[in-house]
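Pasting the structures in now, so scroll down.
What follows is subunit A paired twice: with subunit B in the first complex and subunit C in the second.
The block that comes next holds the complex of A and B.
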């Protein structure tokens, strides 16, 4: 019984939140890594593009709600994700047209692209605050829980329990579906293969007749679509707040780099590694050990490695360790 | 351009050289993070000044208030403004400042150096209770040390022995958390954990994870209702970590029960407030004068009134003289004085009679000149903050 109590505790406080947060990071990191692989620069504006997608989705959700649209026990916002994706992809194309295409024509150094992307980041952040304002918005209107901690406890008779939020289930499921589609697309379709070819060797790809403009466009469409999902899912699960997307850049980039930047599978796994390690390292194991250890060995302190204040430091430490030991990342992406 | 500058200079000179006999400096943050509260606070202080002037019972002539901006957060700008009030406007006392940080700076660098009385309506940091002040500093706002005591009392009554505390990582949160912990332990309770949280984060599940492992009958959230405090409560409810929350003054507002919903029902809280008849009277006076009875407006009225009554009692507008009368005016024995009765009060002290200034916020000065503090005990019932008792 004690063993199951400990498992329930870890599921409630580490596994479920970690998998959810990891999925959100993975979706973000996939966009970053695709842009790095195909367009060859680190896009610092990616966090704000996520925010932009979430914002458009919120605006349409409000509009829909004013007409009485609802999605049953699921959040209404999910209905409007496709609309938000279209707007976000259009915005990405505008950035490409007015900012990045110029530097691509000039064959600028990747560092110039990076600096330009920081400019785009600030512009987008300003635009978002201009449209929706700086305060937080809560737009999750569906049923909050699939089952709560209390329901779980009464059902199983355990002392500890875990609850499953609707948003957590949606996030994890959506991520798995989206990533399967993406991997299928990249590995098995002709267009996906042309993207990978372009990423591997641009000159050879051009010689074999791949249209570079089409590849660039496709990359933005995928990155923009994934970013919209990442932003909306994060907002549904937690809260939409324009300021936090700048803070999320660090874990997203860590995830991409840990997995091997430029490698989609790496970004996917990297997201979960970062999210789970943030939670595992800052969790207090007092109760868990209390259940697992014999009675006379029960800990009296909190048994916490790091205070939760240092949560963001964890992704930074992992990033540094990976860069020292294996600079190409776990799945051998490109070196930066 | 030159002409413009000369006219402006001339204007400045004429405005600063006002011809009142007694002047009160009103230094609060007209710009900065509490700028939405300060117009009503200044109006409260000016209402007291007006009332004294209209009564005609003030023996040292006409009183005027001179506003200055403390900015709430910028200590150097605040001390410069206070310096200007004393050296160029020649005020006889300072009503202010508002936020704890700038209040300490003005007290230590300007008021003590110039021997000027300061009465703050809203600085609540416990550190101001013990600061060296040469008897010059008073406040009509209670210290958070007092709130900690009230909270410990309520916890004791409700039989909650084990409590967890999550506080916002700044002077307010730290001071309040320390005070709650000290008082609760003194009353025989246990604090299982006292951990900080940062404002403006998206995700508080890690913080709540640590709090939940420590456990407790109730979670005390010493934060802000529109930011981290709300995040902690939402994440606690999601994870099933705590069912009941204690909400100190930074967490009391209509928006919190609206945002959280039914999960907050049964939570308890404290916020400065009084059921003294003075509060209602002041509300009417404020309405008649055309301003809102906002947070700390009552305390501002009381701060200005206390200084003027003390001047009349000692027949002196010199800080070094009237500072000794403030405690006596504010406390029993004597006839109770409510808002709108300043004329009567002036006549009484002139005749050498004792008064007990109750004012709008039920002033009772303790421990070196700070308000004993009156709190309303809040309980969240059916998604609304209901006042269940006063202490």
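The block that comes next holds the complex of A and C.
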């Protein structure tokens, strides 16, 4: 019984939040990695693009709510994600047209792209704060829990339990669906294959008649769409804060690099690696060990490796270790 | 127009703008902006040494500036005897453990033991070190933080003159830069940017959470000043007489005098650093740096130790940023870890360097001046523009109210546009790097 109590605790405080956060990171990291694979630069504006998508979704949700639109027990915001995606993708295309296409034609150094992406980041951050303001927005109006900790406890008779938040279930499910679609697209369709070919060897791809503009456009569409989902899901799960997305840039990049930059599967796995290790390292194991160990060995301290405040340090430390030991990442990146 | 005329003209226009502010807003505001312009210019010079001389992308500027601020607190704040009695020895002991432990680990790592033994002993030593460190440090820290948390709850500092902290801030930032550089400088340029971005976040989290050292988010207020206080000036008989004689308003004049004294101090530092970096740029050392930047492989073939040079320049640049950070905290008179935001510190300084012209010290100078000027003046300008465009709407129109409350964020939009436009149409900046 004690063993199951420990499992329930870990599920509630590490596994479920970790998988949720990991899904959000994975969606963000997939965008970063695709842009790196096809356009060959690190897009520092990606966090703000996520934020932009979430913002558009929130604005439409408010509009919808004022007309009495609701989505039953699910959050209304989900209804408006497609609209937000369209806006975000349009915004990404505008960025590509007015900023990056010029440097792409000039075949500029990746560093110039990076600086340009910082300009885009500044601009987008300003635009978002200008439109929606710098304060937090809570827009999750659905039912909060699919089942709560208490319901779980009464059902199973355990001392500890775990609850499943609606937002967690939505996040994990959506991520699985989106990623399966993406991997199917990349591996099995003609257009997806042309994208992979382009990222593998640009010159050869051009010789075989692949239209680079089409590939680049497609990359922005996928990256923008995924970014919208990542932003909205993060906002539903926690809260929408305009400034948090710059801080999320670090775990997202870590996820992409840990998995191998430019490798979508790596970015997907990397997201979960970063999220789960953040939670594993900052979780206080006192209660869990209390169940697992014999009574006289029960720990007196919190049994926490690192204070929760340092969770961003974890992704950084993982990043540095990977960069030093295996710079290409777990799945040897660079190409799709 | 020759190069020198062009430079003189641009600097002249900037000073005209400051004087304009002085006449139309107030001299207090103008001097306040100018003081921060000087600090920004010093930061920009530091980043220019890294980005311009050697092409190193340091996205951790914020962290080094915050370390300078920490130095200002540690050097200048008077010690808190009670907390030192409660936990001083414990903290000192744990620091000793940290140093001895690091030395042991390094010794084992560098020794001639076989790698399998090393693989076993190094993690074990680190683990033991962490446990010992926690056992000694945690209770002491708990005692310190429990002491009057609303008013104190930290160790305080050494109570030395705050000017000293500017140099200590530089040294502290330099030491941290050495450690970080050892770890990350081998990385490719955009990886380095990401890694340093992360390090800066970690430094800020450290400063926010280690209450025993910095009071964390409770901030440290009332740092001593290197210049007289307004209140003292207003009570000074000579000063009162001086104001009477020329018919100056007493209160305003006193605050202007304080700002001018800061301005003189800061200008002294700025001019020194500027001259030193110009000398360094023109010296054989500077030429070597640019050679490494422009073609690393051939520089290596010529027998230059690229890694050591990069580390050198990373330390120097970060130290200058740390110095500027300490100056900033001195000027504000308080240390608030929450104000350190990457957009405000790291990326704005980048914008300064790139707009001014990477690799050109005059460029960093004018970039620092202009960008900070715009950063401050963007708010009134944004408000003006919003009011102009929404004037047909009524005062209670929600859109108008929304736009007016958010007008301050125009500055981010402006920075972004400025950076993108300069990068596109004048990629070498206002003052291109000379050959």
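Throughout what follows, the second predicted complex is superposed on the first by the 334 of 336 C-alpha atoms of A that agree within 3 Å, B and C clash if a C-alpha of one lies under 4 Å from a C-alpha of the other, contacts with A are read in each partner's own complex, and residues count from 1 in each chain.
Quick note on the criterion: a contact is a pair of C-beta atoms (placed from the backbone, for glycine too) under 8 Å apart; a residue touches a chain by one contact, two chains touch by 3 or more.
Predicted model only: the values in this text are computed from it and were never measured.
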Clash-or-fit label for the pair subunit B, subunit C on subunit A: clash
First, second, both or neither for A:123, with subunit B first and subunit C second: second
Partner chain in contact with A:279 - subunit B first, subunit C second, else both or neither: first
Contacts of A:307 with subunit B and subunit C, given as first, second, both or neither: both
Partner chain in contact with A:17 - subunit B first, subunit C second, else both or neither: first
First, second, both or neither for A:131, with subunit B first and subunit C second: second
Which superposed partner A:247 touches (first subunit B, second subunit C, both, neither): both
Partner chain(s) touched by A:238 [first = subunit B, second = subunit C, both, neither]: first
Interface residues of subunit A shared between complexes with subunit B and subunit C: 243, 247, 307, 309
Subunit C contact footprint on subunit A (complex, rising order): 41-42, 44, 99, 102, 110-112, 114-116, 118-127, 129-131, 133-134, 243, 246-247, 249-250, 253-254, 257, 307, 309-310, 312-313, 315-316, 319-320, 323-324, 327
Partner subunit A, residues of subunit C touching it in the complex: 55, 57, 183-184, 186-187, 189-191, 193-195, 197-199, 201-202, 205-206, 208-209, 341-343, 347, 350-351, 354, 402-403, 405-407, 409-417, 419-420, 423-424, 427
Of subunit A, residues touching subunit B in the complex: 9, 12-14, 17, 21, 135, 138, 144, 148-150, 161, 163, 165, 234, 238-239, 241, 243-244, 247-248, 278-279, 282-288, 302, 304, 307-309, 311
Complex contacts: residues of subunit B adjacent to subunit A: 169, 193, 195-198, 200-203, 205-210, 212-215, 226, 231, 234, 238-240, 259
